[in-house]
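Please go over the structures that come below.
Okay, so chain A shows up in both of these, paired with chain B first and chain C after.
So, the complex of A and B:
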């Protein structure tokens, strides 16, 4: 870890979605803790992967960071500015530096707009562009993401899934961001196309010095693209560290379970030990103590009562488990 | 109508156009509606007589080669009267559709996009929709007094809540799509998002709804006129023609039947047109229509 101040600094980020009952006079009958005290740093030019099962709050974390959803509490600092305290005009200005790429390339492109209109929209909205310079800029952006410039006046439905995702990436690049939140950008694509998009993101990162908050559930993709990984479980980060350390020596039992559930290509390499058991509990009514204890092979009474605080087991490596470092190889 | 679809749906213009031309309901509806419109617009050229020219010696002539639709109790040519009468019916229908497009879209978009406005606006529209539509129109027309603009206002008030509701439903879907989030992440404001992303993508169900509103408006206008609550102009609308002919229904059936057929053909054409548009543009809406 470098000692320079991080590009993005997230502390205790929390989002509770109210659950309402009743028709006309709705009352709050509870809330879903979608994100529950998430903290992490992201340095300029670095890619941080966020992995976890469906519903663990990965996507919500990404959207909270961009303030597409207002957090319940916590702080988000970007380049030294508190994003959550910005006024309308300042936030709009700030949005130039932080962009997003979505999972579904079909739903993320307006079917009524041409590619040129789509990729230059951020600049038009920011008031930077109009008229002919728009076409010129659109050509540059398409070229940057490897799309034929001649397709500039086509509509999204005329493209394949992978090409659409390239258009989405071009749009995110338009205002010259420093950070791009990638919300499962390859999950909806064919495997062969996934590799192309991952390589494109990787090249762009090197070329433009971008930082990624890369949300995914495919561990192999994260391993390939990211420098660090955060593992989320039920709205909390349970383990965060460099890709090398985390994949080689996972400390949290949940991380081990996730890694063990990746199918191995060779039958002899298949391990049968830590097969995931049980489902993810409801975030509406999470388990007491450590959220993971009902599924954990190592759980003790302490785990059932007391929630483990994140501990730094080595510099830059944080685990939220009472027994981190004490557990042997998985049973 | 096909041209309208082309300008509204540039993305799939050719494909949509081809699908529409292959849709039998749409083609039949478009044919009937075009026929009615042409007849009404070209009335001065087609009709041999002035609609109000009385020829007392020619009273109650049944349909013949000279008077295609017969003559009425004052010897006026029914063919001319039906053609000219249609002008008023279609004109009223047109204005009702325009008011629906403006106010229905505004209210629906506000309710769907600004969630705080949703409850008040939709409860108000529930209240209006709780009345049977014709009864409500009669009530409003009775309060405002009979005139053309009264009929337009009464019918618009009746159908605006329905249009608003359909638009609101579409807005609720579109506002959660990722391209709206992307636009917001780029720094776009609410008006840009509504105008550039949400409204263009809600056009299909709106267009379908408006074609049905046109049909209902023509039909309801006839009811209002029949009851004496529509316009009492020199050239009567179809509803008034039926109302006048009612007294002589035993002697001269054509006085009521001919304007009745005119209404039926127009409404049928508009409904077929709407059905065809709906099937091609927005198959999901099939179940929602009343």
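So, the complex of A and C:
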């Protein structure tokens, strides 16, 4: 681990969404703890993958980090500044350094704007670009993400899915960010195109020293692109560490189940162990104690009543399981 | 003729579009033998789903139209069969499951009723017998406390449970062939693994054949005995499963394997296929993969490549299979 202070420092981040019920959904009948006490550090130039299944809170964590939605509680520090205490103008200033790339480039690009307008819009909004310098900047950005500069006046519908994602990346790069939250940026793409975008993100990280908070459900993509990975389950981080350690020696039983579920890379490596039946429980009414205990082969009475606190099992490696380190090697 | 349960030959399907028509499936052929699991893999616009829907007579006509070909199933051509007879085979001799069970299940009927409907229609079972079989089927596909879930509506179930219900409906009449179109694509990875386990178990028990349509190399690796790779409406390569992964000969198959990230690989860069998928309305001339192919020469763009038989059960539509033989896994 580095000893320098992290670029991003997130502590006990929590988001409760109200749940409405009753006649015409007028009454608030409870809340969902979409994100339930999440803590992590992200260093400059580092890519941290956040993985987990639907409803685990990974996308909400990304949006909270950028304060695109307001947290219920917790702290987010970026470059030493408390992001949650910033006023409107300060926050806008801060957003130059913190950008986002969305899953669906089709839905996140304005169909009535040209590529030039789209990729430079962040700078125009920030008020430091107009006229010829705008075109020049747009050309630089297109070149950076591998799009033909000749296509600068085209509209989003004239591009393929992969090219549209390149436009989305160019737009995020425009203000010169230090951090990009990537929210499932390759999930909607075909494999042959996905690989190009994964390589592009990897190149940009090295060239520009970018940090990524890379939210994904595809573990293999995270294995390729990220240096560290956090596994989320029902709003909580259950395990976080370097990709080398976590993929080779997963400690949390959920991480093990998740990895065991990934389809084989070769027919000779077919899974031999059946995945135990059961769905992710509803976030509306999560299990007591450790959220994973109803699906866990190692669960004890303690797991049913007491939520495990995240603890460091080796420097920088954190697991939230009462029995971390005592469960033996995973098969 | 072959001993195939389903034998598709020269299947060509077109869609009417504003400016005329576009060929979505272009002279496609493959077999599924009894008890065999065949994977049909391809990316967007490859024609894999359209091919399956053409065989089942489930494409809206217009805009779709099957222009030519045959699909022999148990000695009869599905493509030339009157709609009424085809309906009798669909759901009875051939079961189907699709990607999104929420859109395939009827939201206003309890799930038990939807299984029983198929049994009453195809097997002429009475209400009580159909209900009993429905419970047995739900139990068989791993739905806990089946007799109590019978009266649940689809929205009360999770995505994985809904897909189990779809499998129960598809298998209720004990089909010889199950056609599964991206059955696990919308599901989380642990649920996907559970469903693949279930489908494998059911295959072993019933001896039914499966045609699994997917874009996912991992799902193919887990499941298929034999694989048909489609690109831009045509078959690029067909091979037994291990051959496909060990010694693929079509440059597109090789590219797909290289571009698929795996948990084992640690090298930083993925191999990529340059360019993007062809526009189905205006495919490139000659070999459709030629514009993205490292091996292509001037002749590749001149005409459609003929299929080369490389070994028993292994064929590739490529002029340069001599050059592609040197391929190695990463």
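What we mean here is this: the second predicted complex is superposed on the first by the 319 of 331 C-alpha atoms of A that agree within 3 Å, B and C clash if a C-alpha of one lies under 4 Å from a C-alpha of the other, contacts with A are read in each partner's own complex, and residues count from 1 in each chain.
Here is the rule we go by: contacts are C-beta pairs under 8 Å (C-beta built on N, C-alpha and C of every residue); 3 or more make two chains touch, one makes a residue touch a chain.
Owing to the predicted nature of the structure, the values given are computational and were not obtained by experimental measurement.
Enquirer: For the overlay on chain A, clash or fit between chain B and chain C?
Expert: Overlaying the two structures gives chain B and chain C room side by side.
Enquirer: Given the touch rule stated above, what does A:202 touch, chain B (first), chain C (second), both, or neither?
Expert: second
Enquirer: Quick one: is A:175 in contact with chain B, with chain C, with both, or with neither? Answer first, second, both or neither.
Expert: first
Enquirer: Is A:262 contacted by the first partner chain B, the second partner chain C, both or neither?
Expert: A:262 sits against chain C, while chain B stays out of touch.
Enquirer: Quick check on the superposed pair: does A:111 touch chain B, chain C, both, or neither? Answer first, second, both or neither.
Expert: first
Enquirer: For A:66, select first, second, both or neither according to whether it touches chain B, chain C, the two together, or no partner.
Expert: first
Enquirer: Output check: A:193 vs chain B and chain C. Expected answer is one of first, second, both, neither. What do you get?
Expert: Second partner only, chain C.
Enquirer: Counting touched residues of chain A, say whether chain B or chain C comes out ahead.
Expert: C
Enquirer: Please provide the least distance in Å between a C-alpha atom of chain B and a C-alpha atom of chain C in the combined superposition.
Expert: 9
Enquirer: Mind sorting out which residues of chain A both chain B and chain C touch, each in its own complex?
Expert: none
Enquirer: Given the complex with chain C, which residues does chain A contribute to the contact?
Expert: My answer: residues 53-54, 160-163, 190-196, 198-199, 202, 217-221, 223-224, 247, 257-271, 274-275, 277, 279-280.
Enquirer: Taking the complex as given, what residues does chain B use to touch chain A?
Expert: Where chain B meets chain A, its residues are 9-12, 119, 177-179, 181-188, 192, 196-197, 200-201.
Enquirer: Give every residue of chain C touching chain A within the complex, in rising order.
Expert: 43-44, 142, 144, 158, 160-161, 188-194, 196-197, 215-219, 221-222, 224, 241-242, 245, 255-256, 258-266, 268-274, 276-277, 292
Enquirer: Please give the residue numbers of chain A that touch chain B in the complex, ascending.
Expert: 24, 63, 66, 68, 91-93, 95-96, 98-100, 102-104, 107-112, 121-122, 125-126, 155-157, 168, 171, 174-175
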